[in-house]
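Note that chain A is present in both complexes that follow, paired respectively with chain B and with chain C.
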Partner chain A sequence: MNETTESPAVKLTGLTKSFGANRVVQPLDLEIGRNEFFSILGPSGCGKTTLMRMITGFESPSGGSVELDGKNVDGVPTKSRDLNMLFQSYALFPHLSVYENVAFELRVRRTPKREIDGRVREALDLVRLGAYAERKPAELSGGQRQRVALARAVVGRPAVVLLDEPLGALDQKLRKEMQFELKRMQREVGITFIYVTHDQEEALTMSDRIAVMSEGRVLQVASPTEIYDAPASRFVATFIGSCNVLDGVVDAQGRTVVVPGVGELPASVPPDARPGTGVTLAIRPERVRMTASGTGTPPVGAVAGTLVERVFLGDEWTFHVRLASDAVLTVSVPSGEEAAALGAIPNGGSVVLSWLAEAARVLPAEEVAA
Partner chain B sequence: MERVTSWIARLVFVFLYLPIAALIVYSFNSSEVSYRFDGLSFRWYAELFRDQMLLESLRTSAIVGVIAALLATVIGFLTAFGLVRFRVKGRGFFLGAILIPLIVPEIVLGVALLTVFSTVGVPTGLFTLVLGHVVITLPLATLVLMGAMSSLDPSLSEAATDLGASPWMTFRRVLFPLLRPSILAAFMLSFTTSFSNIVISTFTSGVGTTTLPLRIYSSLKTGLTPELNALGTILVVLTLGVILIVGVSQMRRILAGPRP
Partner chain C sequence: MTTPTAPSGRRRSIPNLTGYVMLLPAVAVIVLLVIVPLTVIARDSFAISDPLGGNLGGFTFDNYGKLFDPVYAKTLGYSLGMAALNAAVCTVVGYIVAYYIANRPAKTQPVLLVLVIIPFLTDFLVRTFAWITLLGSGGPFITLLKLFGVEATSFVPSQAAVTLSLLYAFLPVAIFPIYASMRAIDPSLREAAADLGAGWWQTHARVFVPLSAPGLASSVMLTFVPTLGVFVIPVLLGGGKDPLVGNLIVTLFTEFRNEPLGAALSMVVLVLMLASVAGAGLLLRAAGRRNARAARNGKEGTA
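And then the complex of A and B:
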């Protein structure tokens, strides 16, 4: 191996892009490791596609630089970058067979003829489409086309494969299957995957790390569990999964959060939080415990509320509870005896909510809810 | 009501194809006059192949048609590529400028061309004929190719680039094979437009470069001879032949299943 073994697969330094006066990607730094399954997650229009296109070289950055495998590639054309892209539309060549689609890169890069067949077969076997080599893309299902596109992207053994919302065009069931398939294939080929998506579930199930983007900024880069359990901002908390948010201030002792109209609520206030600062309290619905009023002693820091709606979702119940401040919290309870008992509480019934202090994250207040 | 419409449809068909049928039937008529059928004969075909003037004009039309259609297709391809692929400044202006010959009356174009040629001092002949025909066929070829190109997924050429293909390889391996039917269509449309043109040819042809339509038109004065029926029949058969060949090969491509 050469001396660049230790360098990250992709390193972005101060990378930014503007279209006219409109800055779609704010200057950002990011390192993506070798063999990492890295997701860039954000709502449409957050700049994630532009970011990806700058890595591929389809867009030239307005500032900053891109390093691939330790080498600066600013000004290097797309065709000479050691990466491939899997397009949202798959972009299979409709006039070529599956075999020739996969062989395209090898032929274009003048790989020795005797090598081509073996490598194409290997790539097709990886995506389990060996039997479809002679078909045309139009004769394949959406999921199969997707696999051909993947085989075509990995056949040249690039260091990095970028995937642009590749599951967007598939139906729900196929999407779930492909999530596992993609992860399996990524492990098998040992290539860095950069996966761009707006679907938080895809990002959570497949990624080693996730970068959450909004309005051209990377808000948080962390593992899926960390992103979910310890979101760094209100946007991340509400964009990934569902989350209850309440605005309040840190109390005088710096131990709990006072929410106007509700009172003191248990929260994991960071030690450096100054009393009186405005904060956002974020609590996942599954971390909230709900009991009917008058059943036993309510735990410390419990909040009274009124049940306004119950929704049965099959594997869980979702309850909407209005607090004294008129804020509505969501509580989810997995189906079972407890949920069934709670489901028997009529709309308008009084309930008591409680949670552990560590379940309530304290986040910096944001002026505008994202 | 349905019976009425179905009869109207039949009448329209008769009206469309009766002249062509009559043309073919009368080309085998032995009579000198076209309104009386005297009996079967190949006489007019024989006369046609002895009519040097007519054959000469057929040759001129074919040469002009092929060259003008080739030029229109090549220039049209490049124009369409530029306009579809790049958001260039003044795109609307360019598009408008190319399509103007479709809107301006041909007679005006013809006069304008002749004015320019005589001002610059270019003698009318094959060269001016071709230029004139490119002016009227270029918009057609451009429109056909623009339509085809904008229906192509732009990520196809990005994918080719991403996989290491140079612009030329992208064209040769991806764009050209996918656009081939449309390129052929643009060429054919340009050729037939040029081949049947009278107005522009009137102004741009010179001595010795009379096109076939001009020759036929001028023979109206002396009276149409039945040999024109023979010529017409040959052209109809040729056209049908080309359509069949192109059509069959297209159908085969569409119907062809996976190769064994």
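And then the complex of A and C:
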């Protein structure tokens, strides 16, 4: 972070793309720093793949510009851009061995022969596939192919590697392993990674920063903790992790939020919020405290509800509680004595929910797209 | 798949019998139209000819001996050369066309393929005559040249007309197998190659040509072998000055009325065709083994 004087690895200015009348990427500005693990997160069709393809040069922008390392690369063909891509399908050359796949770029770029072997071995060791150099891609498992693709992407020491949903084709267990592996490799090689994914968990666990995209727009760019704890919009709040959202209005004093049918609820109302404005209240399930009603005095601002369902997930319990307004809130409690006691409450039992004011984020009310 | 309860033998033998019966037409066609004529030709190639065109039977190697005469050897060599040239040109042009078609949107590809096939629906002879009109005196080609001030009267008969028309006749045969292997190539490989710094030439040399090698090999075989047997094109467009081996066979049978000699030449061409197919097959296998060895050796196996 002390490299502020240097130009960012990637800088996008007013970048936009339309296919015919359909604007896939709205004009956006973005700066991605050196050695950063940067994720572009969004549901499928949000424009993230198109955005990435404009950075690689596979698509030409309809407007705006792309700068790599401070140099404008408009009109520069993909082959001359100092970046590599990890394809979703891996796109390994089926007729070449693992070794030759990794050596491809070095041979194409006429790297001195005595240098090639060392660098290929180094890249294969990085992805722990040194023993597989002679295999053909067809003789490898999905996870191994993915590692080959990664070795191939970093062997030329590009400034930036773009990864297009690289873990999509792997099974759950392998995916978790690869998340740590990718992060480790990124740290080891010191290359900027731009990671495109629709999986919020992958983005949260690996990234230095995340850009959340929806319908061609970047909604928020922030660190994983900030995205999670301080989402800027209802979309971000509900897309990243699970989140309870309630629509309400700021009360006359500008201190709490009134939810119709429920009443005043504690919330961290921003000081500039005007009384009477419609807002969305967002509360993470794990920040809600649940107690059986009638046990002790309920805390200030507590809400009464009816337990409608409980789900045991192993490491935690999830309770669904219906409020007087018919809204259903989700409460999650880590497994343990407390959860066990709460699990004993029968369905239909009365419970009391409470949370700290700072746990309830106040977000601008949003028209929910039909 | 036998069920233990089935009454043994009889019921199972019925489907077997129908199988053979259904094979019968195919077997009959092959025996009557391929094996019998080939046997007759093979037998005739060793027969003694009579100067008046008769076939005296008997057994002699004379017919094969006569083929060593420079006149025949020259035609044979020239035919092999033309066939090799045609196979090479067809395969190169076919590769370019196949690559173009395979990279069109999925909807346009069938249309383009049909356009390639359409000329095939016309008779071979008619198509060849069409070239006479196109390249001959007063044809569009000559008119065009005159516009640029080039003095020319007719391109027919000429060596160039033969070459061009051979390319035209065999190009579809080259396009299809190459297109088939081209279509099986993952399109993201092109982007991967570009991403790794490969330009147009490198992408083709390192990725698309090796991956479409089976199609390229079929294309070479499917154009080389039949070119050896062509006899209409050299007569109509080449004026018969440089006959191909196909013309020579026709001449031996019809004009010289020397059936045994024509049969012997036919056998030689047949053997040459088989040898070239076998040779190409061996080359491909050797290349496959070399690749495998290169892959095993990792660094050493690559240039």
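Note that the second predicted complex is superposed on the first by the 363 of 370 C-alpha atoms of A that agree within 3 Å, B and C clash if a C-alpha of one lies under 4 Å from a C-alpha of the other, contacts with A are read in each partner's own complex, and residues count from 1 in each chain.
The definition used in the following text is that contacts are C-beta pairs under 8 Å (C-beta built on N, C-alpha and C of every residue); 3 or more make two chains touch, one makes a residue touch a chain.
This one's a predicted model, so the numbers in the text were calculated from it and none came from an experiment.
J.: With everything superposed onto chain A, say whether chain B and chain C fit together or clash.
T.: Once both complexes are aligned on chain A, chain B and chain C clash.
J.: Would you sort A:Asp117 into first (chain B), second (chain C), both or neither based on which partner it touches?
T.: Once the two structures are laid over each other on A, A:Asp117 reaches chain C alone.
J.: Of the two partners chain B and chain C, indicate the one touching more residues belonging to chain A.
T.: Residues of chain A touched, chain B against chain C: more for C.
J.: Please indicate which partner A:Asn84 is in contact with in the superposed arrangement: first for chain B, second for chain C, both, or neither.
T.: Touch status of A:Asn84: both partners.
J.: Have a look at where A:Ser97 lands relative to chain B and chain C in the superposition and call it first, second, both or neither.
T.: In the superposition, A:Ser97 contacts both chain B and chain C.
J.: Where does A:Arg187 make contact in the superposed view: on chain B (first), on chain C (second), on both, or on neither?
T.: neither
J.: Could you give the residue numbers on chain A that contact chain B in one complex and chain C in the other?
T.: 56, 58, 77-80, 83-85, 87, 89, 91, 93-95, 97, 104-105, 108-109, 134-136, 152, 156
J.: So in the complex, which bits of chain A are touching chain B?
T.: 56, 58, 77-80, 83-85, 87-89, 91, 93-95, 97, 104-105, 108-109, 134-136, 139, 152, 156
J.: Given the complex with chain C, which residues does chain A contribute to the contact?
T.: Counting only chain A, the residues touching chain C are 56, 58, 77-80, 83-85, 87, 89, 91-97, 99-100, 103-105, 107-109, 116-117, 120, 133-136, 152, 156.
J.: In the complex of these two chains, what residues of chain C are touching chain A?
T.: 186, 188-189, 191-199, 202, 206-207, 210-211, 291, 294-299, 302
J.: How about chain B: which of its residues touch chain A in the complex?
T.: Checking each residue of chain B against chain A gives 153, 155-156, 158-166, 169, 173-174, 177-178, 258-260.
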